[in-house]
Every structure is written in C-alpha cells, then in structure tokens.
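For reference, the structures are reproduced in the following blocks.
Okay, so chain A shows up in both of these, paired with chain B first and chain C after.
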Partner chain A sequence: MALALETDALLADRLAGLEAVAKGATQAARRSAAARVADMGLPTRRDEYWKFTRPDALTVAEPAAAGALNLDESPFDAANPLTLVFRDGMFDAEASDALEGENLTIDLLSAAADIHWAGEIYGTLETAGQTPVARPLAALNTALATEGVLIHAKGKVERPVLIRYIAGEADVILHHVVKVDEGASLTLLETGTPGTRSNTALEVDVAKEGAFDHIRTQGRDHERGLLSHTFARMQDDAEFKSFMLTANGTLTRNECVIEILGDNISAHVGGAAIGDGKDFHHDDTVFITHDAVHCESRQVFKKVLRNGATGVFQGKILVKPDAQKTDGYQISQSLLLDEDSQFYAKPELEIYADDVACSHGSTTGAIDETALFYLRSRGIERREAQELLVLAFLAEALDEIADDDLRAAVQDQLEFWLRNLKG
Partner chain B sequence: MLEIKNLHVKLEDEDKEILRGVNLTVGEGEVHAIMGPNGSGKSTTSYVLSGRDGYEVTAGSATLDGEDLLDLDPEERAALGMFLAFQYPVEIPGVGNMTFLRTAVNSQRKARGQEELSAGEFLKEVRAIAKDLKIDPEMLKRPVNVGFSGGEKKRNEILQMAMLAPKMCVLDETDSGLDVDAMKLVSEGVNALRDGKRSFLVITHYQRLLDHIKPDVVHIMYNGKIIKSGGPELALEVENNGYGDLLAEAD
Partner chain C sequence: MLDQVKVKDGVEEETVDAVKSLAGNYKHGWNTEIEMDFAPKGVNPDIVRLISEKNEEPEWMTEWRLAAFERWEKLKEPTWAMVDYPDIDFQDIYYYARPKSMETKPKSLDEVDPKLLETYEKLGIPLAEQALLAGVEVPEEERKVAVDAVFDSVSLGTTFQEDLKKAGVIFCSISEAIREHPELVKKYLGSVVPVSDNFYATLNSAVFSDGSFVYVPPGVRCPMELSTYFRINAENTGQFERTLIIADKGSYVSYLEGCTAPKRDTAQLHAAVVEIIVEEDAEVKYSTVQNWYPGDEEGKGGIYNFVTKRADCRGDRSKVMWTQVETGSAVTWKYPSCILRGAESQGEFYSIAIANNYQQADTGTKMIHLGRDTKSRIVSKGISAGKAQNTYRGQVAMHPKAQNSRNFTQCDSLLIGDKCGAHTVPYIEVKNNSSRVEHEATTSKVDDDQLFYCRQRGIGEEDAVALVVNGFCKDVLQALPMEFAMEAQALVAISLEGSVG
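On to the complex of A and B.
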C-alpha cells in the first residue's frame, strides 16, 4: 500500500477502498481519519510547519528506491528486552518473543478483537493533536495503518519492550498504541528503520501517576525516509520521557505532540542527531500544550551537521490560561562542522497564564578552535579531538535519558555511529 | 634539544609581525627562563612552537632534537615530546578530565608505537601525581578546567605534564595566579621531572619562581626578539631595576 498519494483523485480512490480494510475496534477512527485527510489535503511547502522540510518525498506515490542495508544493530541487548520484530512493516512472530509479559498485555493491531481497549485511544490522540496545527500525514496514518502493537501496562513493567524494525523494499505505515494504567510504568525501546519510506504513529495514554519512558535509535540506513508521530496524553502526576538518537537519513522528521491535562506532570522530549552530507535532512517538530497546574516540560535537541547536512527544529510550548506554575524549558542547538551545513530553528512560546517560568534558546555554533588546539597540543589527533568535542556537545541531550544503563547503550551506539558515519 | 633560529612570525590575517628574529637554544637537561614586558612575544613563541593556528612563519626555523617542528601538526609535536603549559588553560565543558588525560596519554603512546596504558595502570599513576600536587580527586572527575580556580587550572597543567612526560616543557606563566604554597607545590612538581635530560623553557614575570626552579640561562624578550641572555643574576637585575635600562639599551 502506497504511503501517500500524489493527487487528490488518487487519494479519494484509496480512501474509498478503506471500507474494505477498516474493521474491528478501530473502524470508526479510520473512517473519520480518512474523511479528515480528504478534508485537509496533503501537506505542501506552503504550510507553516513544512517550510524547512519538503513533504514531497513523503507524499509522492512511490518512494525512492533504497538498498536493503539494515545496518542498524540493536544497541539494547544488555537490557534483555521483550523483543517484537517488524519486517517490511509486518510482524515477524518467529523472530519475536511471545506476546506476553509481567504486568502487561500486547496485541497486534491486525488481530485486535472487535471490542478492544485500544479502540478508545486509536486515532483519538492523533485527532486531538490536529489542533491547532493540522497534521494530515498523521491522519493518513490512522486511516491506513496496516499493523502496530497495542501495549497495555497494568502495573510496573520491569522488562523493557523493544520494537525492532528490519526493512526491505516497502512503504510502511505502522500505528502503535500504549496505555499506561494508574501507577503503572513502561519502557518502550525502538530501533532500526521500518521501511524504505515509513509513516509511524505512536499514541501514548498515561493515567495518573503512570510513567512512560521511550527511546528510539535509528542510524545507518541512509537512503530511507521516515516520518514519525508521537502523541501523548497525560493525567495527574504522570511522567513522560522520549528520546531519539538519529544518524544519517535522507529525510527524518519526528513529530511529537504532547497534551498535559493533569496537575504535577513532567514531560521530557529530547534528541541527538548526527548528519553527514548534502542529502541528510533531519527535522524535530514538537508541540507541547500545558493545560494544568504545576507541570514541567523540557525539550532538549542537539544536532551535529557536516558536509552540507541540514537540521530543523520547530518547537512550541503553549501554556493555556489556567496552567499556572508551568515550568517550560526548551533548547535547540546545532554544531556545524563546516560552513556548508545549515540549521533552521523555529522556537515558539505562546503563554496565556501569568505565573509561569518558561525559557527557550537556540544556538548554532562551530567547533571551538581553542579547545580543539588544546586537545591536539596534548597529542590527541584532530579527528579524535573533534569527536571528543562532538560528544561533549551532545552530552547534554543524552543526559535526558534517566536510566544509566540505557544511556550508556545509546552513548555507545552514538560513538560507534560517529566513527562509522555513512554506512 | 630545542633550537630556534632567526624565527620571524606574523599574524596570518593581519600584516603584523610579532616575532622578529628569535634565536634560542635550550640544551638537554637545561632550564631556561624567558622574561620580558607584556606583549613582547613570549606566549606567541610558545604557541608557534606547539603549532597553534593563526600565525605565519615568514623566516627561520625551530627544531626539536633536529626534527623540524614547524611543519608538524600540534599532535605530532606533542608525540615528539613538546609540551606547553598554557598561560590560560582552556575550559572544555562536557569532556571529563580523566577521559581527556587518558586519551592524551594513549594517543601519544600510540603515535610512538608503544602499547596503551591499561585503565588500572593509568589510574594508579594519575592518583599518585594528583596527590603530590594536592589535586582533589574530585577535580579529576569534572570536565576539563571547568569551574577550576586559577591556581587549580595551573596545577592541572602540571598534572598533564607529569602524565605525558614530555622531553621539552614550555611553561607559560605557570606561576601567575598561584598562592605561595601552590607555587612551591608546582615548582616541586617541575623539579621532580628534572632528570638531567628533560629540558624546560619557563616564561615568567617574577624572579620568585626562579628561586624554586633554578634556571641555567635567563633571556629577556622585547618586541619580538631576545635582547639579552645571561645567568640567574639577570632575573634579579630585572626584579630590582625593572626593564628600563635593558630596553633603552635595545632601542
């Protein structure tokens, strides 16, 4: 199934065909999503949040060809995760662990019963995330997703769940739903590239005092394009964390939309990206809405770019009138290793409450030549000295990962990728 | 050991000549001191010797044990045994002092075809040296020079020097910013490295340091040149009379 369609006529066609596939618990959501896509149309360069990233590659009928590289190893072996493997967007039961674990249930989207808890979440968070900024490709995902996992954390889930993607030649649309019950917790890891071109959605609903921790690494399959959506909705005292590590990729866009609806919530999103070459394009687009008191949110994004690579950060904090005592922090920084590379930042604060502390900052800088000389004068080779400075620059973003072992795993992955950029 | 001949240096981006024919030879195991008024070119000399960007050598040469230094990258000079204790040690947020030191030691060993130090050996050595220099072990865990006091930064330079065991040590105003006790510690650290082979070039404004680190030769630099060289008594003369007469003679 093609990811998205070139013309409105084709789109209408495809959406009409949906009746046949839309069944079960998600049927209504899919129909309404299809109607919304038809209404919104696909994104174009004229849309406010598509100025710096061309949507064409995501909306043409056929994806660009890509070699089946699958160079991404999983960096998370040491965490002994419950592993779910997706190959070309399809669940590979043989390569996966059994869909069961302590304090949780896991179902496949394709096999969900007609009445399923996910029916109440599937497409609901995505729909809420369409205001005030339209995200047609997210609605398209809800309408057309062929597979995904539905994870219900009913208590503290100690063993992390890992979704491992292996890509051949396929256009992939996946839609995962996570529900974290009151006081429950879950760590979700993702690694690899789902398809030649992928549109993924992850909807996370965290109840009171629940905690959700998410880390994704995606690296050396350079030719592949990915648009990921993360939608989160949270209630009182909940915690949400999401971190993405990216190396390479001709087009990666990670959209993250978080709705803070309960008091005393903390939501942290962060990412580190390293890109090499003119055809590298990486975009983090974040929208956090505060609609409750005493909540804290952080956005920490860092990119290292060289040889003409492009980085984009669009981050917004919206503080609604009643969201007093909001503590919102946002930083986006890029380190440009040469003059050909570029970083576009669009940091936004929109605040309607008066008793809040919000700050944002964005910087673009070159390598510190004095520091580089200092390191080299001690005998450290230029390449290695630069690597130390790059890692130092990215450290602040990696510090967003709370778990020491997982942070170390991501750090190792990053160091490996730094030394082996471009395949 | 170190031989600088008729060294002329200008700024790369500006038509400004800073060194105008420096001649200086430091023999094996010798300690030389350079004194001279502010802006005379002392730090520039040390930077050019260690390979900092931004300077252009227009004439002359500098060799270490016969090897031409000026064509080499900073890291290659370091591997040959050149070391500069910076007048202003650089803060590097995000790079741990230990990681930095270990990477430096092992890079040099690798460049010289030696085996890397194991983590254990390395730790033992750093701890011992840090103790002698009264460097708090907590400081070793912090990022390089970040939040260090002026004196702590200088001691950290000497720690690096001791770990790297270079042949030729250039110390640029290592005494400035040190309290009396720290000056003694640092001097002892330097003296401990004097083994009859290792050579030192000590840039300083004060005779006081030279009471602790006894120089064989004292040079006065002015306006990009060595205008006078002599024994330790030359430093005393500067301390007592200032540069007035010496500079008048030179001008």
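On to the complex of A and C.
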C-alpha cells in the first residue's frame, strides 16, 4: 500500500507539468492520457508486467546522475540520411537538416498547429496498446512529451530520416508520430540516447501497401536509463520492420506493441543487446496482436551478457479468433559469458484460431566450449575466439535488417561497442 | 458439438474421433445411492475441529489445521490463471461427507458395505486382493496393485497391506498414518507444500479429510505399484485429500492416482495437496489419469480441480517423474512441480491435457533447480476442442548454485475447431551460465538426426516431422504404468499434426 501511495504522489507531481504542453492538435489526447495514467497509477514491481524489471528507476522523481557521455559518431553517415538532431531533449535546428524532403513532410510536435494530421494519431495507437496490458508510462509520455517529430510519408521516400540524440543531463520525454500513406515507404533511423533518463514513444500508422523500416542503435552510456515504446498499426499488405541494437545503460526497456489489422501483413521486430556489469539491465517486451488473415510476424531477440548483467525478454503473440493462416515466430536467445549474468524470459502464446503455425523458442547458456576449442586449436587467442563466437551469435539477429548497407553499419557499430565496452 | 466443427486440413479424422469419444459420453457419471453423514455446510474452526475429531487425530494435528485455517481466512483466491468461473461460495460446500456405514471403522475390506465396493467394481478398480484390472491381459507373473480407495471424505480401505508390511512399506490412509505413525507425519507433512503455500493448499491443510500415505524404507524397491482411487459421490461436497509420499534413501515406488465423479448440474470443488519427499538415490514415479466429471456440453456442472502437487528431491541423485493425462474437470488449475535440491537430482514432467466443450485447463509444471548437475525435462501436449481453453503455464528456474544443470522443455498444442484456444505461458529464469535451458515448441525443431534419417529414406519433410512427433507422443503414453493403459489407449490415437507452440 505504501508503495502505491508513494507512486500516487510522484504521479501528481509529474502531471503538474501538463498545462505547459497541452496545446495545439494534441491537447485533447494529452488530457485524456493524463486522466488515464492517473487512473492506472505508475507501475510497481508487484505488477506482473514488471515481474523481471523493477520500474523504480523510471518512476522516481529525479533520474540518477550520469557521468560523462561516451559520444560515438553516427553509424549511419554513409546512408546520407536527412538528419534531425536532438540535444538534451530539445530540437537543434542548426545542427539539423532542413525539415523537408521528397514525398515527405516533417513538423515538430511543439509547433503542431491546432489542425494537424498528427492529431488523429497522437495518443490513439498508444491508447489502443493499453489493452489487455496497461502501460502507464506510455500514457505518461503521451500526456507530457515536450518534443518529437511528426513525419508524413506521402510516397516512396528514398532518403532515410535519421533522428540523432545527443544526450545531456536532462530527464527527456519525446513522442514521435509517423504516418505512411497507401503505397508509401519510409526508413527511419535513430541513434544515441536522448537524456540521462529517457521516455520515448513512437507511433507508426501504416496504410495499405505501405512499408516502414526502422533501425535504432542506442547506448554505450553506462549510467543512462531508457524506456521506449513503439506502437504500430497496420492495414492490408503493409510491411513493418523494427530493429534495435542496445549496448549498456543502467536500465533499458524497449516495448513494442503491434496491431495487425489488415490481411497479408508482415511485421518483424528484432534486437541485439550487449551488456556489461552488474547494473546493466536490458528488457525487450513485445506484444503482437494478429487480427486478420494471412499475416506473418517475427520476433528475433539476442543478448550477450557479461560481468553480472541481466537480460529480460517478454514476448507475446496473440492470435484472435478469426486470424486464420497466421504465421507467428518468436525466438529469444542469450549467451551468458560469466557466472553472475542472468536471463529471464517469458515467451507467451495466446491463440484462438485453429489454422495457424505459431512457434517460439528460447535458449540460454554459456559459450559453446567445443566451438571455442576449435578456434583455439587453430591458433586464435581465447579473447579473440570468444569475440568471434559472440559476433556470430548476434549476427543471426542482425540478419533481420534487410538493407545490406544499413546492416553493415549496424554490424560495425556492434563490433566497435563489443570491443570498447567497459563493465 | 464437434460435429459442426470444420476441421482444418492435416488433422486426421482419427484424432477428431478420439477427442469426440472422450467428450459427451462421460462413462463414470453415475452415482451411488447411499446414506451419507454430512458435517454442516461451510467452513469455520468448529468444522475444522470436527474433521479432526472424526479422524481421531491427536491434538498437534488439530492445532496444525486450525493454524492453517487462520491463515486461509487472510488469503485471497488467486486470479492469475487463464480460467474463468463463477465465484465459489466456500460456505455453501460440505467439507465432510462419510457413508453412514463407515461410522464404525471396518477392520478390513470384507466388512465394508458391499454397495461401496460395487462402486469401485463398476469403475474397474479391483479391491479384492487377487484381482487384476478388468481388460488388462494377465502377464505371466501376476501383477499386483495395492489400492487405497477414497470415497468422498473417507478412505474405505487399503489392499495388500500385509504384503507391503513384509517389505517394510507403509501404505495406508493419511488419517491412519496420523494415528499410527505420528513421527513420520510430523516430520514430513507440510514440509514440501507449506501450510501458507497458496489459497487452495492452505484450505486443504485446514480441512483435508483423508488421502494416502506412503513410506518406503531405505533400500526397498516397493514390490508392487501403489494406487489411490478418488471418487466424489455426494452432491455439493468438496473433496480435500492429502497425499504424502516419502521415498527414503535408495528406495523406489511407482504411484498411480485415478479420479472420477458423478454427473451433476452444480460444480463441485476438489482441492488436493500431494507432497513427495525423495531422499538420496530414491526414485518416485507419480502417474495420474484425471478424469473428473468435466461438465456437460453446455458447460454446466463439473469439478473444479485446484490441486497443488510438489516433489522435493532432497537427496543427491534422487529422481521424480510426473506423468499426467488430464481429460476431466470443468476447470483445472494444477502444476505438479519438482524442487531439485540434491546434487544430480532429476525431475521429469510428461503431460497430455485434453480440454473439450467448455472445459478450461491451466496446467503445467515448475522445475526449480537448486542443486548442481540437476536435470529436468518437460514434455507437454495440449489439445483443445469445442469451446475449451487450454493453457500450459510453466516455470524453469536455475539458481546460482545449480551449476551445470540442464532443462529441456517442449510444449505443443493442437486446436480442433475455431472456437477454442491454446495458450503457452512459460517463465524462464537463469541465474548462472554453466546451465543450459532450452524451450521449444516448433515442430520443425524435432531432433535433426531423426529427421535426417527419415528424409534420407525418402519420407517427405512433413511426414517425417509427423512421424517423429507422433512417435514421441506414444513414448510418453507408453511411459504410463500398465494400469492406466486402458484409459490412455483412447488417447494414443491422437496425433499432433498442425501443432502450434
């Protein structure tokens, strides 16, 4: 009880910031989100959905102080993306490209006029994502987000859009909205960590035959915490892909909520994470709802954990009664490199249709000694051999990235992090 | 109901027929007309004392029960399982029902009311010591099974007690054990499933009326299979039985449990607790064919089966194996678990759960690895038909000290018809890196060598997978003791094409 009272007080405190941001096209959505989160309350460690990850660090009033920032170059320079820079949670116009591109409009959330297309999407997908599992921190984000980008893809957008975060000391709440029109396509890249503690939301609405490709690399900053929510809603023949590469961070939780509402849809989410040290805690939580026929979904998540790091995977495939011919696949694997590292998994299936092929797998274990011996016997040093095996293990997750160049960029980033992380 | 269901391609008619034959015509649904003694409805400290008194228990036992009752009053019914049923009015149940003829305890089965014995005869349970199960072919050497027959709240008697005594095995009703072997009961009762474990187990601790007790002394291989047959007969009566099995160092015992109940329109509660203690080098096999009345085709009536079963592998190299065929009950809430405490101890769980009509099953297991080099294996096959919901819920936990441990989990489900549901909720917790945990539910991940063997010989990929998976399912069934062969036979026909994880 004391716990609940404490979070109630925290929540009231945080919701006091609502008036400053509740304006423009998102005003109504923000007010309703504030009411919803007040009703739900903040998550506590007693909630089943937070069984393996303590939400305290995300709910306390102030984030823990973080040390100096390890600023990496963006891995995506070669793709020549349209770059949008966020510094300390604020949009940095000077460092960013102009907000325009072929088949594309980009607006800032803070500047959205009273009438804006995003008004129909902002908070709508997040609200839908609240059942059957409550996600109070996502509602909190909708209510209080200070900034974000609103991207409307009206046709095939060839040049990827990159959101680059340069973190400072701030407690950052960002909310992006993407709308992909019928037959349109967009690649969205994200890199960096928005703040000392970040709560980010991304709502993606993909119309018929639309395609959305999303890659995010985040981390390396050991003391920073991050909660991200990705909400996607898709119509007939749409394609959705999302991949996240994470390294370190005190607490990272990536939630991905996908609603498959049209026929012949394909939705892929994947991730690779490397974690060092006792205070590393990485959580991938995925919820995919199939509500149409002939759709396919994939979840591929791999983690390498060392020096007492903790990894969590909670994945769910919900197949509604008429979602026949569903092909759902889910795999979570982790490699524990030492005795103190831990892995928790809850791979769930809830199926109400009979003509489906759904499967899941989960494995946990140490590095394969036989493989290690094979490499050692060929003159490769132990550390190098281990790195090779780790890379090979994570590479399977990276295969989820369709574009060769982008995959190579992520692979380079991964190798760099793997060799330069300090526990 | 199945008649109207359109079955998807790839599911054999045979499978559908087999499931159909299990539904609708519950063959143990008759009831025995007999005069009963009931304790007043409801539960309170007086009822707890009354049950204790009826069983002629010593004071410590009464106190134990009362403490449990006090705890229970503070507990809330769990709601996390994927089952949905109307609220149970715990004060509208008879907690104690005894056939009038059992008022003075019969000295042997010969003195038991013939009507009661007939009940068991009709169920195919041999209470006469020379008898064998009807329909089972007699092997060259006569197979003996000792039976403890529990009718509503009391044990009618236990067969082959003399033979067992010669081997040093104690097999009797738990009420008798409390009177005759208090030192053993005191030492072990509640040591695996603590009084405060969960809502139903705590209720059971307060009001359990009877059940079975087994003690196998060190180094003894129990000369015959032991069996308890539970029958709920009286209306509006809850059955709360308690089973305690102790396998001392280096011993072995195989234990079978069967259950049935008459067809009634109102749901009835069954909340049992089974505790198994396995000492060093000992082995226990526990097999269940749970065939409680599942309710009618409209979902009316049936048994609510809320059972806590747990084995504690305390000694090094100890081993326990749970095998269950779950076909009955309106609602099942059951997770036979293994605590693998001893080094190199092993736990196995084989389950086939079939839910039809409006049945709901939420069942699975827990494998808690505490000791080094421990091994566990989980094989679960769930089949849903009609409007049933079938959930596998399991936990595998590797603790930091459980070095070099192994777990393999496979759970497959099959849906017949588009109105039912199949769900999988596994929890995997790994806290050391020398252990390996594998959880899989894809038919494509059957043993590659076996697949390759079949493929090499010209069998198509799908057929090969079906062959391997079916072969595996049959292996599970064959692991069941002879005595369950007949009931299990009906299930053998069920193949697992079109499995989903």
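Keep this in mind: the second predicted complex is superposed on the first by the 405 of 423 C-alpha atoms of A that agree within 3 Å, B and C clash if a C-alpha of one lies under 4 Å from a C-alpha of the other, contacts with A are read in each partner's own complex, and residues count from 1 in each chain.
The rule is short, and it goes like this: a residue touches a chain if its C-beta (ideal position, glycine included) is under 8 Å from a C-beta of that chain, and two chains touch if they have at least 3 such contacts.
Keep in mind the model is a prediction, meaning the values are calculated, not measured.
Using the contact criterion defined above for the overlaid structures, shared-chain residue A:T370 touches chain B, although it does not reach chain C.
Legend: residue contacts after superposition of the two complexes on their common chain; A:G379 is shown touching chain B, with no touch to chain C.
Touch criterion not met for A:P132: it reaches neither chain B nor chain C.
By the touch criterion stated above, A:A345 is placed in contact with chain C alone, chain B being left untouched. When the shared chain is aligned, no partner comes close enough to touch A:G168: not chain B, not chain C. Of the two partner chains, neither chain B nor chain C is touched by A:G41. After superposition on the shared chain, chain A has more residues touched by C, the comparison being chain B against chain C.
Of the two partner chains, chain C is the only one that A:S362 touches; chain B does not reach it. Once chain A of one complex is fitted onto chain A of the other, the partner contacts of A:D354 are limited to chain C, with no touch recorded for chain B.
In the superposition on chain A, none of the residues of chain A is touched both by chain B in one structure and by chain C in the other. The part of chain A that touches chain B in the complex is made up of residues 368-371, 373-382, 384-385, 388-389, 391-393, 395-396. Contact residues of chain C toward chain A in the complex are 8, 80, 82, 400, 413, 415-445, 498, 500-501.
Listing the residues of chain A that touch chain C in their complex gives 48, 52, 321-322, 324, 334, 336-366.
The part of chain B that touches chain A in the complex is made up of residues 50-53, 73-75, 77-79, 83-84, 86, 89-95, 99-100, 103-105, 107-108, 111, 143-144, 160, 164.
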